[in-house]
Amino acid sequence: MTEATDTRPVATRGAPQAQSGRLALWGVVVLLALIAAQVYGLLESPPDRDMGHLQKIMYVHVPSAWSAFVAFLVVFVASIAYLWTGRARHDLIAASAAEVGALLTALTLALGSIWGRPTWGVWWTWDPRLTSTAVLLVVFVGYLALRAFTDDFERRARWSAVVGILGFLNVPVVYLSVRWWRTIHQVQSAPSTVDTTFAWGLRVNAVAFLLLMIYFVRERYRVASMEHLLEATIEERELRGSHGV
Amino acid sequence: MTLAPDLRRVLTIAGKDLAIERRAKANFNAVVFLAATMLLLFGFALGPDAAALRAAAAGVLWLTVLFSGSLAFNRSYQTELEEGALETLLLYPGSRKSIFAGKLLANLVFILMVEAILVPMAAVLYGLSFGDGLGGVALALVLGTIGFVTMGTFYAAMASRLRAREVLLPLLLFPMLVPLLVAAVEVTAAFMGQSPFAPTGRWLTLMAAYDVVFLLATMGAYDFVIDD
Amino acid sequence: MTLAPDLRRVLTIAGKDLAIERRAKANFNAVVFLAATMLLLFGFALGPDAAALRAAAAGVLWLTVLFSGSLAFNRSYQTELEEGALETLLLYPGSRKSIFAGKLLANLVFILMVEAILVPMAAVLYGLSFGDGLGGVALALVLGTIGFVTMGTFYAAMASRLRAREVLLPLLLFPMLVPLLVAAVEVTAAFMGQSPFAPTGRWLTLMAAYDVVFLLATMGAYDFVIDD
Amino acid sequence: MDTADAINLTGVARRFGRRWALRGITMRASAGESLMLLGRNGSGKTTLLRVLSTSLAPTRGAGTVLGHALGRSADRIRPLVAWLGHDPGLYGDLTGVENLRFSERMRRPIDGSATRDGRIAGALERVDLAAAGDERTRGYSAGMKRRLALARVLLAEPRLLLLDEPYASFDESGIQLVNEVVRAMREAGGCVVVATHDRERSAEVATRALRLEDGLLYDDELGAVSSRSAVPGVYA
Amino acid sequence: MDTADAINLTGVARRFGRRWALRGITMRASAGESLMLLGRNGSGKTTLLRVLSTSLAPTRGAGTVLGHALGRSADRIRPLVAWLGHDPGLYGDLTGVENLRFSERMRRPIDGSATRDGRIAGALERVDLAAAGDERTRGYSAGMKRRLALARVLLAEPRLLLLDEPYASFDESGIQLVNEVVRAMREAGGCVVVATHDRERSAEVATRALRLEDGLLYDDELGAVSSRSAVPGVYA
């Protein structure tokens, strides 16, 4: 059989079942990490001068933003890998990461604007970071919509890989353009640089969220590849069907 | 005696269309996020100056509804044309106006749901605060949407069967919507505290009148456009 | 030795697409009139205040180009899909990139022609006077359109083959166009004498860079999206 | 209503753009008959059936179906006629049951849902799709789709049944099913018109054979090999 | 190039979504042969032809066409193959001549337009569409469209010709035309594969008969009535 267009999942190596055990453990670790991080963030680090306890939102807002970016980076890499190898695995990883990334990005936006209301007095400003985050979200929602509307597995994988790559490349350009745009019109940017006192709280939470993100992606990937395995086995049976080759 | 069955047919058709939309859920999400994207584009096009944006907000909101919404209308006939379902649909007993009414109802629900997500989004992006004008804005939305969906469903019945449907539907539809758009924007702006002294009452009556007139007109004309 | 033939193929395909557009002239006119209608809608939506309108003019112009233009892209593949022409097209010798290049060229001509009518229209409706900025505006239009058409032709290759193409194409396309839109609006506004001190040079470089980068990227990726 | 003919056409003609698909059809058929309608591609079979189903109005000529005039009182005819065309006319995103339920709701809006679902289950049983009833029809094979369409026609219990190439994309059992349906309709006193290329199959159930040659109707022998020499058939 | 087989497949399988259209085809054919490919609806005929034409890549298995590997060196194969599918693959808004000119420009970009137009006129003559050459193909009848597509195939002068149900929607003279084309190709040393339901017609020109049963290839006798008892055909 040719490897070029071999769309069988790695799942056929029995991976998902094996994973499930390790993943469960992983999940527990993540949970503990999150609790620890939140406790640290909420208790150890002082309330902010002008934002007060509101500022604690940052401990979720920022890490979720960061881990969302990492997730989309995974999409980018996995998509390239898919176009390179044509392995179903890479497509499934990309898809899983895209879903989780979109979720976290939505969370970032929600928390961000909840945060913005009291701090900037507005829910939203056309700040480069905010807008490019929003664009990032719609790009990958488009990615997921394209997948939902494409039936043939092989085509879906190829198309969404391309869309994922181009979309990811586009975001820095968006960021840059919006920054120029704002500076021309002299609008003050989001006052969101971190004071070192919060740095540790941020770091800890960032790690926790990163673990959480990875957990979600792997879990989603496990489900996806199980579905794929199921189909693959059905296909195998149909292929070696009534006649047999 | 003949009305009751046709009423049930209307509900049956609306239910069917909505069920299909629910199944292809991706479609609703796609329209919503497309609308969100348009809101962003407007923001970039009309500059970051917050005051200017707030001033334009009502217009932007309605243009977004029009542009994204009009993409949904053709689809409600596509499902009929895919496997020759339309011919079967036309051969059922009862008045064919119930087909129009059913699809109109389904589209109305669809667009109102889109707006339910769109309006808060616009409020956030354009820094709007409705305050106690919220009820008025809601009323304007409902009245405006009824007229919009009526015309959209009607013209889509023709456009969706032509090759150039993507271009033709808005070309036929938008000019008809001008009065509705003007009124809707004015009222919405007024209730959002822009122009407090605007004669909102008169605008709302205009919209209501528009809805009634064109609802009756399209109902009457539907048999001509759907029958082959 | 292998380039020459593929170049000729590009011209052949572009010529073919344009010939078809000329035959179905209705389509070009429809798009132009639709664009005109959109200009009017913007006018009504952004209120009668002349100053506000003039300020928004550049943005409105580009949004109109985007919204009306993006309706034309799906069509350039529809003609291929109607009688299974695409399969034949894909089986011709030579690189398939020449298909992309050919369609891109045809769409470029199409959109530029639309703009040639649209811009004066906008100037009239929004009371603009380009003065000596005309050359700059033209340059901005060309640079912006190249990027717009490149992305549109590319994403339409996918969207046009799906049931939800009307919604999907703009959903995929518009987010990618944000940098282009921002730059184009800024430059156009600057040359129309709005913000005289804007660094138009930097914006134009950005647009040129965008065009080059995504032209290469889409060229490279095309084989993945067209091949089945 | 009186025991009128099921079909009674005089000089019915239908044009598409510049070409005439039907050039003047005069025919009569009564309840309990089942007509086999032959003719090569483009000869006008589908067009004739669509005229009878009221989905096309005749360009010229007049006729009655089940006693009601074509065109003028089409809405009186529609409840009594059922049509199965080239396309199954299903909604791919609905399940088989949902498709039938929709059709039944449209035909009998005031029925109780209990009786309705009972009848639907029975019909699915009959076309043996009971197993696949809850799958979306998008995944159905061509054959399954036509079976479901057949179930819809069964539920309609029409007095005039119009089948356009019903044997197409059917395996042996499907073909038998079609013929059973035709027999059942006839025994229930209905009239059936079957447009087909498959003379042998439909001969098993047909009581009379007609042949269209570009837009004109000729009569034909049931069993025979299509006879090129034929005279315009007028049944008065 | 060397005198390789025209076709040489080993275990080629192709999947669409979850279902296998081809389950493992092993076959060989050499220049000058003309194969008749039988099989009922959905058995995989079109899919096999599309794999041979390089428009579909095999999901499994490997093969060469005219000495070049499927998949890897598809662009070497494309210039040598011509395909006529269910659809004519024309542009309705272009005239017959314009359609052919487009195809020729794509195949032979550097030819002079004089020679090109000469060849086109000849081809139109041969499929006797000379009269309708300057009408838009949208107005063509199904038969005329297929004639024009046939002219395109003639102009291509391929070394492997793939015809998918070429007799469909053709009248007698059209059928003869198809068979002439097949003969001409064979005498020019090309290889022809004809997927068809019309055993009698294609038997006039075929040198060998194969039959697909859902995705598996069996050999079949040329003249005979399709024999249900058959063994997987492997030609080594």
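Here the chain labels run A, B, C, D and E in written order, and each chain numbers its own residues starting at 1.
Definition applied: a residue touches a chain if its C-beta (ideal position, glycine included) is under 8 Å from a C-beta of that chain, and two chains touch if they have at least 3 such contacts.
The structure presented is a predicted model; accordingly, all values stated were derived computationally and were not measured.
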- Item | Shortest chain-hopping distance from chain B out to chain D | 1
- For the chain pairs A-E and A-C, which is connected through the larger number of C-beta pairs in contact? A-C
- Query: If you take the mean of the Cα atoms for each chain, which one ends up farthest from chain C?
  - Reply: D
- In whole angstrom, what separates the CA-based centres of chain C and chain D? 49
- Note on the structure: chain A and chain B have mean C-alpha positions lying a whole-number Å distance apart equal to 34
- Centre distance in Å when chain D and chain E are each reduced to the mean of their C-alpha atoms: 36
- Whole-Å gap separating chain C and chain E, where each centre is the average of the chain's CA atoms: 38
- Note on the structure: Each of the following residues of chain D touches two or more other chains, namely none
- Touching two or more other chains, which residues of chain A qualify? 131, 135, 138, 141-142, 145, 149, 178, 181
- Note on the structure: Residue numbers in chain C touching two or more further chains are 24, 82, 163-164, 168, 171, 174-175, 178, 182, 228
- Message: Residue numbers of chain B touching chain C in their complex, please.
- Response: 24, 26-27, 30-31, 33-34, 37-38, 40-42, 44-47, 52, 55-56, 58-60, 62-63, 66-67, 71-72, 74-75, 78, 82, 163-164, 166-168, 170-171, 174-175, 177-178, 181-182, 185, 189
- Item | chain A-facing residues of chain C, complex | 158, 162-164, 168, 171-172, 174-176, 178-179, 182-183, 186, 195, 198-199, 202-203, 206, 210, 213-214, 217-218, 221, 224-225, 228
- Once bound in the complex, which stretches of chain A touch chain E? 1-2, 4-7, 151-153, 231, 234-235, 238-239, 241, 243, 245
- In their shared complex, chain A is touched by residues of chain B numbered 25-26, 29-30, 33, 36-37, 40, 43-44, 47-50, 123-125, 127
- Message: Taking the touch rule as given, give the residues of chain C at its contact with chain E in the complex, in rising order.
- Response: 4-6, 8-9, 12-13, 16, 19-20, 23-24, 79, 82-85, 87-95, 228
